[in-house]
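See below for the structure under consideration.
Chain lettering (A, B, C, D and E) follows the sequence in which the chains are written, and residue indices restart at 1 in each chain.
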Amino acid sequence: MISIKGLRKVFQAKEDNITAVDRLNLDIKDGEIFGVIGYSGAGKSTFVRLLNRLEEPSEGSIKIGDREITALNKRDLRLARQEIGMIFQHFNLLWSRTVKDNIAFPLEIAGVPKEERERRVLELIQLVGLAGRENAYPSQLSGGQKQRVGIARALANNPKVLLCDEATSALDPETTNAILDLLVDINKKLGLTIILITHEMHVIRKICNQVAVMENGKIVEQGEVLEVFLKPKQSVTKKFVEQVMGSGEDDDLEQLQSTYKGEDIFRLHFVGDSANQALISKIAKQFNVDINILQGKITQTQMGAYGNLIVQINGDEREKDNAVAFITEETSVEVEVIQRAN
Amino acid sequence: MLTNLFPNLKVEDLIEATYETFYMTIIALAGTFILGILLGLLLYLTMKGGLWENRVLNWIVASFVNVFRAIPFIILILLLFPFTDFLVGTIRGPNAALPALIIGAAPFYGRLVEIALKEIDKGVIEAAQAMGAKTRTIIFRVLLPESMPALISGLTVTAIALIGYTAMAGVIGAGGLGNYAHYFGFMRRDFDVVFVCTVVIVIIVFIFQFIGDIISNKLDKR
Amino acid sequence: GGGSNSGDSNEGTSENNSENTEETIVVGASSVPHSEILEEAKPLLEEEGIILEIEPYEDYVFPNDDLASGDLDANYFQHIPYLENTIEDTGYDLDYIDGIHVEPMGVYSQSITSIDEIPEGTEVILSNSVAEHGRILTLFEQNGLITLDEDVKKSAATLEDIVENPKELEFSADVLPEILPEIYLSEEDALVVINTNYALGADLNPLEDALFIEGSESEYVNVIAVRSEDTENEALQTLVDVLQSEEIQNFILEKYEGAVVPVGGNN
Amino acid sequence: MISIKGLRKVFQAKEDNITAVDRLNLDIKDGEIFGVIGYSGAGKSTFVRLLNRLEEPSEGSIKIGDREITALNKRDLRLARQEIGMIFQHFNLLWSRTVKDNIAFPLEIAGVPKEERERRVLELIQLVGLAGRENAYPSQLSGGQKQRVGIARALANNPKVLLCDEATSALDPETTNAILDLLVDINKKLGLTIILITHEMHVIRKICNQVAVMENGKIVEQGEVLEVFLKPKQSVTKKFVEQVMGSGEDDDLEQLQSTYKGEDIFRLHFVGDSANQALISKIAKQFNVDINILQGKITQTQMGAYGNLIVQINGDEREKDNAVAFITEETSVEVEVIQRAN
Amino acid sequence: MLTNLFPNLKVEDLIEATYETFYMTIIALAGTFILGILLGLLLYLTMKGGLWENRVLNWIVASFVNVFRAIPFIILILLLFPFTDFLVGTIRGPNAALPALIIGAAPFYGRLVEIALKEIDKGVIEAAQAMGAKTRTIIFRVLLPESMPALISGLTVTAIALIGYTAMAGVIGAGGLGNYAHYFGFMRRDFDVVFVCTVVIVIIVFIFQFIGDIISNKLDKR
């Protein structure tokens, strides 16, 4: 259990101070995969760097397990850090070491014997898909390859807590998926707690249990991923959720409106209620209308389909009204009128 | 042929002087390397924002370094007489020159080490810290390897400065090429000796530079 | 700065030493005892209407070069044999006016107390200043320790000119002269050849502590050297006169406790 | 027009050579936004670095406009480069300069007078949303902020060609959208040609006209974005396209299969044919079945809806078969059986 | 009081010697800075993989640098007599020491400059190249600013080495503290003079170090 109270970090600047993290309170359960999202500059990196005290907090306390991180002396902090893996936004690889030796580094620090170290390193190289490049130096790697070395390095010592700062943002989807699967796997098998900064909502959706949204150094929204996705309250959150839910970015909508000028277009919000299954075929049967799916995204959640569809409803004016009224009144699907014919 | 061109040159003496220069330079270089790295690390670690931030210690080390860099070499040799006598058992000859050479060059190299360490990307140090590395581990596995090309280049520069110093070590009978050139060449106005000695010194410098460059380039994987 | 107002200009030197015809002479000197003696002579020269500028030199080559080139009016650091050697080597048209003092060369040892007790193979440590070697070897020859090649001029002899060395003395000539006193203190079993003026600094009493020492009639008299055309220059003559005056001689005797022997005045 | 012929780049390594770009042929039209995708290590960064000869080609020729880049002497190359902006994967900002001065740098190089430089810099700072941070040094910026400085810098001198190496991969979706809009805007107004490496398919979908897929240094597929999205041929491409099309990642499918055990699940591939509009409501009317949309994503293209939906079809066994048969035979929608009840 | 503690010290002489040391060090430092940067840049630009890759030129510059670093200072002074005479009009005094000081220190600083330049992130140089910057622009707007903290630290090191060199410049009557300490202190065994001179030298070294550190830290925005 990670427990954060009143955490605050102020950067002294010449002109004015910058409060990168602002009186943050947060509890993260053991074994949880905790996502952190937020705009660029929101304070996400600073937040995770505070967790292992790479950045000294200006105020507040951090407890990981029963260790009060903020109160540890140097030696204890060092030991605590050996159980906290970290993946850096800028990789921070040692250019003087090969891929293999970079990954072995945390093992050397933890005093793992040589044979075991080698075994583990080879295993990790396989896992992150760098076989064949183990003797390359970082300067000879592509961006994504460097990132993967950073990931392998962070995992090498079987940490209890893993801090990931944009761990997959330099990776293609295939590799991203492989890495995420790996993380989930370790999380399940070893109960690894992961705190994961990302701006890719599909990463959050795919592996996180909890998500927190940061804005201006504060957590403005937090909860179960599904809950936050279903009922985003803050406008930041809505913007992020829209990304994964594929709900029309504004210009897409405009395009649709111009393509289907003079026709009825609605957006149906499915809110994860299984009662709404087969809504479209039900409507088609019950009312004399054709429903044309223009665009949208539906995701399956534990509680049923969630997402939204932009549809065009064709048919008799009366029937159309009835159909819409039926959806609005009899189901939990919300109807948003995007464009009416008249 | 040599004797025709350089009538005043005694080849055995030249060889002996060359040997002495090599001997002093190499041994002093080893000592300078160790002491200089030590001083440089101390300067770096104790500086503001360093791993062992410590104003007092930093001030002490900096003072030590500056004082010994500042003292003219001849006076340094004098000051070190008791120490040298105690350590080497004599205050004369190449071995007696070593303490003064090392103590004269190490503070200088220490500063070069400090400069090299300051150039290391803060990120990799942070990465090592985040892994829970001891400062010792950070020193030996991050700071030194990551700055090694610059450390070696700096050592080359120091080696060549040391060759210059050995010329002055002549005053206590340490011999060497510089001394040979000065006393047997310059003082006797036998400029052929000066010339040959200078050429040999230049060759030695080239050798050091060449080796230093090769090692430094080999180590640089950026 | 360099030798200002130097050169051969002798105009204005008057025998009356009137105050408005002051003349400046620039004299190059090594540190001990030359520049110390010159400093003492400065006020006396001023009374004679001569301003003395002392140019410090740390080596033995440049002062003669500068004298020859005209940067200096005179120099005061060398003895006659060295001056002669230089003239021979370079062809400079130099000469000297007169001798001022002798720094007798002494041989010291901490453990050896008499010449007869010198063990075989004893190390002899002497200055790396080659100019002194002939002189030192001559001293050893005079004391029956070695024999030098007869064909070689004594004052120009080098270590290679030793033809007989019954005690197999090992000569090491590689130390700066002013460091010799420290060597004496540290190398107990060796013979150390020290210029008397430096021996003083190490609290040695040359007359008592030396195993053997040059006499005051040594030919190694330190002279005021000048360009040949200036040997009759009056200001420089005055300089020599003042340095040979009783006042300065007493100063030398007092200050150096007999270790630097004033000469001249009597010749 | 950028015309690339037989472009090849081999990195000499100790053990074996690495062919990062392998005999590449490609034409890019003026004013096009050309996307490049591919796995990590495919050679994308090397490819764009070859375009402005930051990397000297081992073989082949590059022509930009009527300049034969590969044949230019130093001076002409320099002038050519002033018209090619570049956004680096690792930002490459000068730490000794503030945000403002970093952005002003290419203008200084091009000899733009001071007042105009300042005007332009302020404009760019506004555009990338860094107002208020103009006097900060790179070390005081977050990852995304650095990225934006890099973008502003690349745009400063109104280049004719812009090379973007993962220009938005460190940015949150909001900022990404803003930047992409900016790029499209410049592209339309000034006819800027953009070559854009990314691993985010939605970036490709949103702004690119053409896309090339790289694998092992070769372009394995290339064409109009829509065409490639509609008919991905290579398996790499399919994997990438699936990302934007939201088609079930494998584990999602598994989850669906276990949730709907023993029921009929199909995947319907809509391939952008407007004849298929209103398919679901049509089926519902025509056959006695209920169609339950479980998951999927539909995007509107110029030719109609494109994407796929995973649906559960309930109803009488005969009716179901008929419905499926109808879709398969009478429409251009492809049906993929994921699970049959029996 | 001073005269009681240090009976042999002449305050005016000390002040003059201090002035001479400052004078020589500062002027020589300015010259060394310019010439050293030039040499360092040439070494860096012409090296393998450099912007002006040129084996021959690199070899020539490296030889020049090494030769002048190698020659013992006294011999360097001697060699430079004709040049000095031509340039300064005299071969005696502080001004005559300047050419030798500069030519002795610049190759040394040049190496430090080269080391500093090599530490610059290749990425930013590439960025400037990609913008179509002239090599001149890259030098003045990228290489020098980005390595400035190391350049200044290196200059501090060089300044202090120069203070040591000025002691040797005494042989041509350049004066300065080192010469004063040796000639009027050490040779006469007036150790109070040696002591005071050393203290003043140390203070000067501290002043240089202090100013260098402040500038270097101020410039370092990493």
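Keep this in mind: a residue touches a chain if its C-beta (ideal position, glycine included) is under 8 Å from a C-beta of that chain, and two chains touch if they have at least 3 such contacts.
If you want to know which protein each chain is, UniProt gives these names: A, D = D-methionine transport system ATP-binding protein; B, E = D-methionine transport system permease protein.
Quick caveat: nothing in here was measured; it's all calculated off a predicted structure.
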item: Other chains in touch with both subunit A and subunit C; value: B
item: Common touching chains of subunit B and subunit A; value: none
item: CA centroid of subunit C to CA centroid of subunit E, Å; value: 37
item: Centre distance in Å when subunit A and subunit D are each reduced to the mean of their C-alpha atoms; value: 20
item: Inter-chain centre distance, subunit D versus subunit E - centres from mean C-alpha coordinates, in Å; value: 54
item: Shared-contact residues (touching 2 or more other chains) in subunit D; value: 90
item: Sites on subunit C at which at least two other chains make contact; value: 59
item: Residue list for subunit B, restricted to those that touch at least two other chains; value: 74, 78, 186, 222
item: Interchain pairs in contact, sorted by label; value: A-B, A-D, B-C, B-E, C-E, D-E
item: In the complex, subunit C residues that touch subunit E; value: 1-3, 30-32, 35-36, 55-59, 62, 66, 71, 178, 200-202
item: Residues of subunit B touching subunit E in the complex; value: 48, 62-63, 66-67, 69-75, 78, 108, 111-112, 114-116, 118-119, 122, 149-150, 153-154, 156-157, 160-161, 163-164, 167, 178, 181-182, 186, 194, 198, 201-202, 204-206, 209, 217, 220, 222
item: Sites on subunit D touched by subunit A in the complex; value: 11, 13-15, 18, 37-41, 44-46, 89-90, 135-136, 140-145, 147-148, 165-166, 169-177, 181, 199-201, 206, 236, 239-240, 242-243, 246, 249, 251-252, 255-256, 259, 277-278, 280-285, 289-300, 305, 309, 312, 314
item: In the complex, subunit B residues that touch subunit A; value: 121, 123-124, 126-134, 137, 141-142, 145-146, 148, 219, 221-222
item: Residues of subunit E that touch subunit C when the two form their complex; value: 74, 90-94, 96, 170-173, 179, 182-184, 186-189
